[in-house]
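Each of the two complexes below includes chain A, the first together with chain B, the second together with chain C.
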Partner chain A sequence: MTLDDFAATRDVPSDDWYEAASELKGSGHDFFDWLSAYDDSDAGVAVVARIWSVRDRHGAMLRTRVAREGGLLPTLTTLWEGAAWHERETAEMFGIGFTGHPDPRPLLLPDGFDGHPLRKEFVLASRVAKEWPGAKEPGESVAGRKRPPGVPPAGTWGS
Partner chain B sequence: MAADVTIEWGHIFRLRVLDVGLACCAVEFAAAAARGDDMAAVGARPFAPEPREANVMVISGTVTDKLAPQVKRLYDEMPPDSYVMSFGSCANCGGPYWDSYSVTKGVDQMIPIDVYVPGCPPRPEALLDGLAQLNERIGR
Partner chain C sequence: MTALPDRSRGVIALREESCTSCMVCARECPDWCIYIDSHKETEPATGEGARPKTRHVLDRFAIDYALCMYCGICIEVCPWDALFWSPEYDHAAGDVLGLTHERETLVTWMRSVPSVD
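Moving on, here comes the complex of A and B:
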């Protein structure tokens, strides 16, 4: 087994998400490993799932991109019931939806939580209210600190 | 001698510790507290079976906003003249999760803290010192 076996990622259009997963299951990839997402800025939200074949000791990654606003994917819970919690978490963290999910409630966030915290534009209130505590000495300048792409600059955050 | 003073005297060197272990500091706390003779040297007895049988609560680890009400509930279930120790950076102020969307930035926003033990994680000696200081303060 080489590193490529672990790194192989198949990109599919969101319309083919369910079919691609079905094919993987048909080809012996029977163990659902995980499903998550990442904020791919202008390209939308990228959803990634990893499926493992117990028999062949082989993993496959599936990736698709959905719209930032109102992005929808069909649920994989009909193929692997274990996907249910992963999809619930991904939905609340990134603000996308999974159609046909048997129980689409939020999983981890407290009741009444506003926003989708793993999206880049989500404002972390502490960064507005507090000085960055990572300086080696108290009062040391933090001017050179880098802001990740997609994160709004501090001056534009809230009131 | 007034009754409350008597009760406080009764607490000196009789700290019955309720371990509220929520993250990796809980492992450090358990490892340190399992040294029974060290704990006895500062007058503490760890691992109270329930809040009603404790008079010191040690919150060790990361408190999240979702879990915070449960920590408050444990505090409310303890006897009214109880003490609270915040053990480790996360419980003190959020620690490395200072800007997280989900972590409570200091458990003192919710319940009064008597002793803060700094460190990420604190050393076992820091726990013992914190308990000793608490004893000293109760006796004063």
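Moving on, here comes the complex of A and C:
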């Protein structure tokens, strides 16, 4: 078995998402490993699922892209019930939706949470609450004005 | 301690004489768990035409192992080879504050760092 067997990724249009997953299940990929996403900037949100064949000891990755605003995919919970939590987390973290999901509540974020923390435009506010140890310059013991990576200048974000 | 490969990754050791307080490790640390204080000292010029030299003197170097996720990025990025993996792992503490290893503790881990020669 080569690395390619583990890393083989099939890209499918979002319209074919459910059908492609269903085909994998039919070909012996019976174990739903995980589903998540990444922010692919202008290309949209890339959703990835990894399905495993227990019998053949073989994994398959399935990937599709949906729009950043209002992106929707059909749920895979009718194929694997265990996809429910993964889809809830992916929905809240990336601001996309899964149609037909039996329980589409946020999984980890508290009620009324504003924003989608794993999108690139989301500012890590906790990185402002704690003083950054790297803000000091060499030879100094008092924090300078250096901002931690990923935190935009004060006054340009938040309320 | 049970027999482990001597390059096992247990705890991070500081070779303080190599540290120039450059802050690279503290800035690269994803957990923000490295704390460094330093000050500048000026050495008078030696000889004719020479200028006074400024150097950084390390005052504090601490790693908070309650936050550290042992990723080893600090060791990787250190331009001066001042940080090393030590195979020692038995540094549990009864108090969370005891997991912040100050310089005095961090240098003791050098005793188990395999020789680079």
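Please note the rule applied: the second predicted complex is superposed on the first by the 127 of 159 C-alpha atoms of A that agree within 3 Å, B and C clash if a C-alpha of one lies under 4 Å from a C-alpha of the other, contacts with A are read in each partner's own complex, and residues count from 1 in each chain.
Going forward, a residue touches a chain if its C-beta (ideal position, glycine included) is under 8 Å from a C-beta of that chain, and two chains touch if they have at least 3 such contacts.
Quick caveat: nothing in here was measured; it's all calculated off a predicted structure.
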Which of chain B and chain C A:Leu109 touches, first, second, both or neither: first
First, second, both or neither for A:Pro138, with chain B first and chain C second: second
Touched partner set for A:Pro117, first chain B, second chain C, both or neither: first
Chain B versus chain C as contact partner of A:Lys130, first or second or both or neither: both
Touching both chain B and chain C, residues of chain A: 130, 133
Contact set on chain A toward chain C in their complex: 130, 132-134, 136-141, 148
Chain B to chain A touching residues, read off their complex: 65-66, 94, 98-102, 105
Residues of chain A that touch chain B when the two form their complex: 108-110, 115, 117, 122, 124, 126-127, 130, 133
In the complex with chain A, residue positions of chain C that touch it: 20-23, 26-29, 32-40, 54, 56-57, 59-60
